[in-house]
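Below you'll find a set of structures to go through.
Two complexes come next, and they have one chain in common, subunit A, joined by subunit B in the first and subunit C in the second.
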Partner chain A sequence: MAFLHRYRLQLGITALLAMLLALFALLSPQTFLGGRIYISFLSTIPFIAILALGLTFLVIAGELDMSFPSLMAMAGLLFAEIYLRTASPWLGFVAALAAGGIGGLLNGLLVVKVGVPSIIATIGTQFFWRGLSALLASGLARNIASIRGTDFHQLMVGRVLGIPAQALWFLALAILLALLLNRHVFGERVLFTGDNLRAARLNGVDTDRVRLWLFTMMGLLSAFVAVLVCLEMGNWWPTQGEGYLLLVFAAIFIGGTSVFGGRGTLYGTCIGAIIIGIIEAGIISAGFSGFWTRLVHGLIIVVSVSIYATIFRTGRS
Partner chain B sequence: MKTTCTLLTLFCSLLLAGLNVASGEPATPLGKGMKIWFDTGGPVGGPYNTIVQNGATQAAADLGVNLTLLYSEWNPENMIANFKTALAAKPDGIVVMGHPGDDAFAPLVDEAMAGNILVTCVDTDLPRLRAKYASRGFGTIGTDPEVMGRTLAKEALARSGVKKGDRAFVWGLKRLEERGRRARAMLKTLEEAGLVVDYLEISPEVDKDTAMGTPVITGYLSSHADCKLILIDHGALTSQMENFLKAAGVGPDQVYVGGFSLSPATATAIESGYVDLVSEMQPYLLGYLSVTQLVLTKSYGFTGLNIDTGGGLVDKSSIGKVAPLAKRGIR
Partner chain C sequence: MSGPGKDRPPILELRGVGKSFRGTPALSDIHLAVYPGEVVGLVGDNGAGKSTLIKILSGVHRPDSGSLLIDGVAVDSSRYGVAQARSMGIETLFQESTLGEQQPLWRNIFVGRALVNRWGMLRVAEEKRVTMEILRRYVGLQGRAITADTPVQTLSGGERQGVAIGRAMYFDARLVVLDEPTTALSLGEVDRVLTFIEQLSRQGRACILISHNVGHIYRVASRFLILDRGEMVASYDRQDISLGDLHGRLLQIHGGAR
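Showing the complex of A and B:
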């Protein structure tokens, strides 16, 4: 009983996912009882999920990052451009990660050292990185279809026993980050920072350092996902990343992470990302119009966050 | 149609060159000193409006025009706001996208014309304003989305060999009033041909990040394995059909696929047989011809041009010639 109570959030979100899958299987058995749709999900959901993992840390620490879609565009452009010029995907990968890390660190410095609230600072850098990538690319897409068939492509997004490699990358990152949050002192510091910044400082937690690391990590993960997306699609395009912003936040809040910081689960975020990732295909396979997609997204978000607010008595008083 | 446009462009260039030679003056650019404000319509770096911009920039360079570019994120309110900004700068001419419509633009265009600022529009027609101010250089360079949608659907019907009762899928943006006319025309044409047509609205997320379209196509094709024709009213999604179909376990030329707008990735998909037919509005011409027309009107009082740039169809037989231009942002 104590187990059920302790993990009620995780169990609840898992039950929601199971119900959705059962409903879709009932409405469209030819799609949801076959394997292909799940392989398809495994090729796209990891992008949302990896971004959501990084952002969950920031939200738990009481911060936000609105700039990751633009940082994705910048890192993706560097990767594609360097690959096209040098034929070395590894060089492009390192450059992309460097750009992501620097972009994330810049966000962190603006928030921690300059004192700009994270939502404002990252809205600013969102415009900056999007503008810079558009400027450097002259608004033109980059076709990197020739990268298919390289070892790097196989390693990052190839198929391992039929499973998209990006799903394995996601799994490895999820385990690593879950250990970091739940089994490492750094995770404790993140939770403490988000729960009460002043109290955390008084207890000797270097909250500035913690937040700098988290912003940098988010930048690195954004760059990593940008490279995966470029590889999967064989292409870089100027609006890359823009579509992920709301979906990533939705995945986090469906997963039960508190918008006020101090509480959250990576498991919930992962399940939230899966729910967000399967809804559209489920609705379409069932024969409903695509106009239903947003309505169902909205309904699930509102219902789940309302349930969490009731269970945990969150809210501002 | 492509031939007509090419000839027209050639004619404009020859006219400009010839007029200089005939007058015996040194060949100084005809638009030298002219200031033109140009609303590209979309966002900075948008794939379609960047090609429009490239055409306008090239025309400005060829004619010595001082060009100022504006971006409206495809938002009619932004287009109106940008027009007001342009008016305040008192340029020689303004090129607008016609999306806000005649009623929204009328008082502003009246004000511009009263102040001797030339105005012309591209992409979407402003028929009432064009009728009113054609003699003062107001024209339209673009095409009717409905004609474009109908043309692609008819060509796809003829080339794919689908017949009455077959299933087709259209993925479009009906929610956009003007742009949506293209998807509606495709649906109407396919339905009139007796096909069973499934329509899906492109979500805002997939609209921006095409990677998220993979499960949509896999899901649809899993539950509608008898689909023989797919038409996509979206350039970026057309370019990713190879990825989508591969993920859905569909090989090249198994389903006939038609779409809009060229890009390097679309060219690859055509070459590999995952996309069969692409219709393009030839957006470069929108930029190039509108700037050229304003220069001609300012210099010699020519009336507004009304040119249909649509109807360009690209398939496997022509992609070899067009692909390098797509890479350079010209096609």
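Showing the complex of A and C:
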């Protein structure tokens, strides 16, 4: 009983996913009872899910990052451009990670040292990175289809026993980050930073340093996903990443992480990302128009956060 | 002036400590020594600098001037933070909450000094075991289903104070600093806190008690220090002053300033 109560949020979200899958299987058995759709999910959902893992940490610490889609564009451009010029995907990858890390750290410095609230600071940097990447690219896309033959492509987004490699990267990151949050001293500092910043400081937690690390981590993960997306699509384009912003936030809040900080679950975020990721396919294969997707996303978000607020009393107290 | 244990160096000593915030002095030229087994009552009006003084003792703020000595040895104030203060046996119970409301008790007991292995992974089973021990010994579990996993937000004010006190005791504090520990507590809970302070002194530990309630201070302290607008303006040994006179002096000092 205690177990059920303690993990009621995780169980609830898992039940929601099971119900959706059952519903889709009922509406379009030929699609949802076969394996191909799931392989397709494994190639697309990890992008949302990896971003959501990083952002969950920030939300738990009481911060937000609105800039990651633009940071993705910047890092992706560097990756594509350097690959095109040097034919070395590795060099491009390192440069992308460096840009992501620096961009994330910059967000952190604006929030922690300058004192700008994170939602405002990262709206600013969102515009900045989007603008800078468009300027540097002259608004043009970069075709990197030739990267498909490289070992790097195989390593990052190839197929391992038929499973898309990005799903395995996601799995590894999810396990690592779950250990970091729940069982590592750094995760404890994150939880207290979000729970009560002043109390955390009085207990000797360096809340500035914790938040700088988290913003940097989010930047690194954004760059990592940007590279995966470029590889998967064989292309970089100026609006890359834009579609992810709301989907990633939706995954986190469907997953039951508190917007007020101090509490959150990476498991919930993962299930939330899966729910967000399967809805479009479910709707279209059931014969509805794609316009339904957003509407259903909206319904699921509103209903799930309402359940959290009423049953689990996750509101502001 | 020969209280118990004054043949030994003070556990903690401040020499000429000053601190200002953005040019506004909060404390100036504070001298203070606390000996083993001693309970020092610190009184002063709002804004007298009590909280700033406590935050210097506990390593939250760094003093601008003066020096801090522990066991007679000067401490490098640039390296004196909360973790260092705690590791040298100085525990502070702040007036404001230092608990993470949504976090389980075991995390709250150990936050800032987690038991970790060499990769920084928490030794959760051990932390939970110690938490249960603290709960049994200091909080009391009469009929309440409190476990190491219970989030702090479900605890009463007295139970929270019990957790904070238990934490200080478990980590073997030599000097316990209590900032308004009896505010918003029931009469029975106030008595438990004061009894705890008396126990500390009998065990040879020292205590600095800050309170607006002069009656509480007078019951447990052996020495009273009066702080006014950032300066230490008076010091009395308990045997030299009655409760009424102490009260009168306080009113005189704070009232006379207006």
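Everything that follows uses one rule, which is that the second predicted complex is superposed on the first by the 316 of 317 C-alpha atoms of A that agree within 3 Å, B and C clash if a C-alpha of one lies under 4 Å from a C-alpha of the other, contacts with A are read in each partner's own complex, and residues count from 1 in each chain.
One rule holds for everything that comes next: contacts are C-beta pairs under 8 Å (C-beta built on N, C-alpha and C of every residue); 3 or more make two chains touch, one makes a residue touch a chain.
Keep in mind that what you see is a predicted model, and the values were worked out from it rather than measured.
Will subunit C clash with subunit B on subunit A after the two structures are superposed, or do they fit?
fit
Using the superposition described at the top, determine whether subunit B or subunit C touches more residues of subunit A.
Partner touching more subunit A residues in the overlay: B.
Once the structures are superposed on A, label A:Arg263 by its partner contacts, choosing first (subunit B), second (subunit C), both or neither.
It touches subunit C, and subunit B stays clear.
Tell me the contact category for A:His184 with respect to subunit B and subunit C: first, second, both or neither.
In the superposed model, A:His184 contacts subunit C only, not subunit B.
Touching A:Asp195, do we find subunit B (first), subunit C (second), both, or neither?
second
For A:Asn203, select first, second, both or neither according to whether it touches subunit B, subunit C, the two together, or no partner.
second
What angle, rounded to a multiple of 10°, is defined by the Cα centres of subunit B, subunit A and subunit C, with the middle one as vertex?
140
For A:Gln10, select first, second, both or neither according to whether it touches subunit B, subunit C, the two together, or no partner.
A:Gln10 contacts neither subunit B nor subunit C.
With the superposition applied, I'd like the minimum CA-CA separation between subunit B and subunit C in Å.
35
Indicate the residue numbers of subunit A shared between its subunit B interface and its subunit C interface, in ascending order.
none
Quick check on the complex: what are the subunit B residues that touch subunit A?
43-47, 49-50, 53, 199-212, 214-216, 218-220, 222-223, 225, 236, 239-240, 242-243, 247-249, 263-265, 267-268, 327-329
Write out the stretch or stretches of subunit C touching subunit A in their complex.
Counting only subunit C, the residues touching subunit A are 58-60, 81-83, 86, 92, 94, 96-103, 107, 111-114, 116, 119-122, 124, 149.
In the complex of these two chains, what residues of subunit A are touching subunit B?
So the residues of subunit A in touch with subunit B come to 28, 30-31, 34, 36-37, 39-41, 43-44, 47, 130-131, 133-135, 137-143, 145, 229, 232-235, 237-244, 246-247, 277-278, 280-282, 284-287, 289-291, 293-294.
Report the residues of subunit A in contact with subunit C in the complex, numbered from low to high.
That would be residues 6, 179, 183-186, 188, 191-192, 195-196, 198-205, 258, 262-263 of subunit A.
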